[in-house]
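Shared chain: subunit A. Partners: subunit B in the first complex, subunit C in the second.
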Partner chain A sequence: MSKTSTISPKSIKDISKSSDQLAHVDLKDLPPLPPPYDDMEKLPGFKALSEEAREKFDASLDDTLVVSHPKPATPEEEERLVKGFFSGLEKLFTKENNWTFLEPLTMSMEHCAKCQTCATDCPVFTMSGENEVYRPTYRAEVMRRLYFKHVKKGTKVFNSFQNGGIDGNWTTISRLMELAYRCTLCRRCAQSCPIGVDNGLITHELRKLFSMEMGISPKELHEKGTVQQLKVGSSTGMNPVAIKDNVDFIDEDMTDRTGIKVETKWDVEGADILLIHNAGEFLAWPENPGAFALMLEAAGVSWTLSSDLVAYDGVNYGLFYDDAQLARVAARHLEVAKKLKVKKIVMGECGHEHKALGVIADRVFNNSIPRESAMTLMEEIVFSGKLSLDPSKNDFPVTLHDPCNITRAMGIVEPQRRVLRHIAPQFREMEPHGTRNYCCGGGSGFAIMSGHNFADWRMHISGRMKMKQILEAFGDTDLYSDEVKKYICAPCSNCKGQIRDLLDFYGAKTTSGIYYGGLVELIVNAMTDLSEPFLDWDMM
Partner chain B sequence: MLTAWHVLTYLGAALFLIGGAVRIIRVARMPLHLRWELYPVPHEKGKAHYGGSVLEETDWWLTKREVDHWGELVVMLEEILLLKGVWEHNRSLWYASFPLHFGLYLLIGNIALLIVGGIFELSGVQLGVGSMGQVFSFLLLVVSGVGIAGGVMGLFGALFMLYKRLFVRQLRMYANAGTYLNAIFLGAIFLSALVVFGTDANAPQRLATIYAGLISAGNLPHLTLAMQWHLGICLAFAAYLPLTHMSHLFTKYFMYHDIRWEDTPNTPGGKLEDRIAAQVNQKVSWAAPHIQGGGTKTWVDVATSTGAEDDK
Partner chain C sequence: MASFEYNGKAVDVDEDGFIEDPSVWNEELAKALAEIEGVTEMSDDHWKIVHYLRDYYKQFGIAPMVRKLCKETDTPLKRIYELYPSGPAKGACKVAGLPKPTGCV
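Up next, the complex of A and B:
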């Protein structure tokens, strides 16, 4: 089936009416990117979902699929699913099952004024050409109506008069299930709500309901994510032996490349710092943990990695969809830190690790080892004078992508900037930035999801705003030429994955010479001890 | 002598206060939630202006936590009085929303002024007589001005809002019967206020006497038809408001202070420890295969298992 023009729901209740697709985005209705990326004809298209996929899965929401839940085979199964949903909905509003978020959720359910002040702050909504289905309040409003109809005490007539009604049939529920995965949980919308309603949180809770009650979640987050991490040790699938092998190899490579002996420390009891990286780094961006090892050694820091199950992978996808999985993973991280008797855990360049371990876990476990951001540690080292740095080695245009989880959710804004201002003479901000940044479009686990044609959705829609910001940040350079190398500093694995995909998709490396990487790589690149540049543009 | 107006007023005020109290108590009794703050957090001393937090500091847990209450207050006031967020993010709606809210604040302020007027009256202060009498006269002058200003602003805001809710697509799509009723209700309050204060120069004085009668459960003077309407609508609205999303009047404080800006760290020996310990010992009934709470496992059980024990 190929749709010829944009389809957008006309009312809230449309979600309950069965149709092929509730929404469709026509590429020509998307806001254009700056040149030379403004001609949609010359950009990759948006692959249609296969007929088989539409046949097999509940795919009547929009153009893509994330959860990919098989269509119920029998009316009984459908009924069981609907029942499961409502039983989960009730549990979301009990203190035993959801003490974790009961207050913010209830407040967000009961106080929205439907003023739509939040709408234009959402990068997904605006960059979809304002398709109604992606409006921050659309899924929230469906959820709200279900809440008032099925959970909130009071007379049905008054509730429906005050809050509008909705039919909680399987069409509604299955679409809501997918719709819970069309928001990156970046919470930019929540910042602008005058009342304090948080539509990102509502999405988060919806995901939890599906996962914690019905066992429904994207396999990238659950089976291949938290389940694998708890079982094998890492969501990358690397067990402790594999990770050590891998790091040995990285150490060797670093030593060869820089002429400085790099040797990662493992399981050092009583070290000052337990550094926990997102294990994706070891596979996709080995120069990041390599650069950390080099920098820490050069600065004489007492540090260690852990080879204990789970503790060598800072990933915690539970943050995106399931409180139980979140707690399980965080528990392992904190346990190992205690066992090693370290002074603190330092969270590597990973936004959601920061949030999960840094603030969320704070109220799940008492007496935990304190956690500090790698941004802070890097700032401390750079300004300690322990490294000899020559900023002219970084004399190319550099911009900074702010991971929402580090800035908006934790207020860690300046350390990374102070470092960049110090070591990157051509540093320039994206606009807006800091706590008002835009998500990269890969948030809440999207960056690791590419099933069916979801990558196209991430590139064209959720990542569009970031792509626009990146191009604008380098707007003073010639974007038609790759001669001048430009660097996006993205101190977060998840964001890096999304930015890598964006640059590939739009061909921005070859067309405009735009590259990306973390923060520590720039620090090491500026070290005078290195005879050759650390950044190898040909390899990036 | 008690009249029906006495009874209705006490009832309306009681329902408003009880409704609000129920909301507030309900929120205040909710369990401690996980940290979910959103920066900028205005009580972060010296860092709020760029959205920073203490988490930027090396060994932040060793530094003394400084909370800038003044910073919070300023942001809260800007938000409540001026609707700053709407101004910044939804300018076209602000032109309706601001007068609507401000009109309401003025009328609420007027009630406070009239209560003072009632007390003057009960204490035997006579208009224009002596220095207190002068103050009383001035107060009633203010009441008249504020009443008219509130009525004009509010009516404009309510009508403009109604128009927007009806004709702006994305507002209409999310509106329901209650949304329109609320706008009409508010419009009626402002219109009746305007009639009371705009058509009757003696209204403030008469109202002060009415308030004196209501406060002391004493005799009431004759209520003009306009006053009867105004009072009736206001009382009905007061009883109705706590049942609607407009109860954010009571809960906004919590939504900002208790959620958006709630960043208290769980320090060893600190005040959060006991609450957390109690919460993680609650029984879970989530039914998914990896949890199977069944109302028997606690959060601690869940967190210390892998959820895949059955596979072994």
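Up next, the complex of A and C:
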């Protein structure tokens, strides 16, 4: 029997036992990356969590912190938190409180066969050197035992024998709280489960419990995320004046660089398409919305952006942690689309926007406004013959990163590939890819979290598999040289943030000439109307 | 909340060293923050970036996009990294007393 095939009941129970740290990752236990990134000594290390942070926050899970919840100051406060958790746990299993996910959650609670097929498919678990607490069934099993003991009740003898034996104390609960943020919700485990148990969903429901019942969530997702988006207009903090100022600059910059007049359309009533970008694009990757404007104009598409609060930001972090926040943001997107009387919404190059708007918000939208992926729109434009394209302009090695929410969650696999095969002569796949892809390691909002030393966890552990895949995809080139520029096409803002951090952390741009960007930039780079290359490697 | 001490005064900073309240910023504080960022001497070029960032922040409530910063201060990105080794967002914005960027940026 292999090392990953059994689970020690002792280690599950350990979550309740008080200790400074339940788990620790030693860098020398991590599977090595391909050369020249195989020498751990030459890579940045993993900074220790400060004593101050360990003193102040509930940090007894592992080497890092995401939620950063202050330790309860009094026994009364601790008791209140424990009660809050169990009240929330019960609500997760009632139809009136959780009609959205009750059924798959209950099925996942009651039917895991502990076969561990999921474990070998989990990039966090495998690339952590198989650390027990990161095993996809670990947090699920803790949750399951609490469910059987406190929610399902009944058959007491059976439960204490089979499912019980776990103490629902604050040590357990505070560790579960952090552990809910050591999984990127990529749901590769759910895909591999022979009976359809969804450990990703269990993680998601745990996050929901902490946010919706106890008001506990990472500030990047809530306070600076959905709350800021609903109040100011965008999770980036851009108000409608700032977004217009930025887009004016982008239009001007695009026009200067390409010699083609670029003018973004705002609030056009009755336009065919309301395009909603992840607003992070305007600030961090302005070439992306700029290239969209250029491509849509060149193809004669009737389109518009909205300058209404929330509607110029496709972000909906509620997807990662809170159903009510998700619905509030989605309702705003719908309201503006109706106000503008557009034929459909097109979701820009953002994975979680795809899933939130395209799938989960279905019941908010109730079929009133169709939503389309930018992937199919780009495919349609590229093969319509409306653009004059010269693939030789993209004659450098290109690989594709599949955002989990677009490919695995929604099955949008081929459109972006058909485009790349057509416009990028040196396109090569990562292995595995498509619906069997690996997460970038920044999924479920991790890419925007860097507090304390969490960035080191993302770089060494959750992003390790992606880094390996990237290097392997360019394995036919000289990775000791930056002479040949290589391009990772990552059509998702969150994934781009994570990949940028990975390339910086490992020094892969300077060592191996590996760059990254979106899909639309490659399309525009191939346009014959542009006399100069659109891609500006010096700014990438 | 952590705190950062300079000239005998303490200011609140977040876990990454960004000051919590942009209104407490002054040039003395900027020099002290710059030292943490590996900038021992604030030259005119350093100040030009910091003043641009602060003016933009006062007007729009956020940091400008990097390309705009480069264009309007006439400073190539490479030069910004020379001035502020942690880069425009993590380095220059921190010295300018802007809050840490949020959202998918």
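The rule is simple: the second predicted complex is superposed on the first by the 525 of 540 C-alpha atoms of A that agree within 3 Å, B and C clash if a C-alpha of one lies under 4 Å from a C-alpha of the other, contacts with A are read in each partner's own complex, and residues count from 1 in each chain.
The criterion applied here is as follows: a residue touches a chain if its C-beta (ideal position, glycine included) is under 8 Å from a C-beta of that chain, and two chains touch if they have at least 3 such contacts.
If you're wondering where the values come from, they're calculated on a predicted model, not measured in any experiment.
Model built by superposing both complexes on subunit A: subunit B and subunit C fit together without a clash.
In the superposition on chain A, A:220 makes contact with subunit C only, while subunit B stays out of contact range.
After the superposition on chain A, the angle subunit B-subunit A-subunit C between C-alpha centres rounds to 160°, nearest 10.
In the superposition on chain A, A:480 makes contact with neither subunit B nor subunit C.
After overlaying the two complexes on the shared chain, residue contacts for A:246 are found with subunit C alone; subunit B is out of touch. Judged by the touch definition given at the top, the superposed model places A:52 against subunit C, while subunit B stays out of reach. More residues of subunit A are touched by B (comparison of subunit B with subunit C).
Contact with subunit C, but none with subunit B, is seen for A:279 once the two complexes are overlaid on the shared chain.
When the shared chain is aligned, subunit B comes close enough to touch A:373, but subunit C does not. Superposition on the common chain places the nearest Cα atoms of subunit B and subunit C 18 Å from each other.
Comparing the two interfaces of subunit A, the one with subunit B and the one with subunit C have no residue in common. Within the complex formed with subunit A, the residues of subunit C that make contact are 2, 14-16, 60-68, 70-71, 76-78, 99, 101-105.
By the touch criterion given at the top, residues 52-53, 68, 220, 224-225, 228, 232, 234-239, 241-242, 245-246, 249, 253, 278-284, 286, 313, 315, 350, 447-448, 450-452, 493-494, 497, 538-539 of subunit A touch subunit C in their complex.
Residue ranges of subunit A in contact with subunit B, taken from their complex: 10-12, 84, 87-88, 91, 95-97, 99-104, 106-107, 110-121, 132, 135, 137, 141, 154, 158, 161-164, 187, 190-198, 201, 211-215, 222, 227, 230-231, 324-325, 327-328, 330-331, 344, 358-360, 362-368, 370, 372-373, 375-377, 380, 407-415, 434-436. Taken together, the subunit B residues at the contact with subunit A in this complex read 27, 30-41, 44, 47, 50-61, 79, 83-86, 88-90, 93, 97, 170-171, 173-179, 181, 243-245, 247-248, 251-252, 254-256, 258-260, 263, 265-266, 268, 272-273, 276-277, 279-280, 282-291, 293, 299, 302-308.
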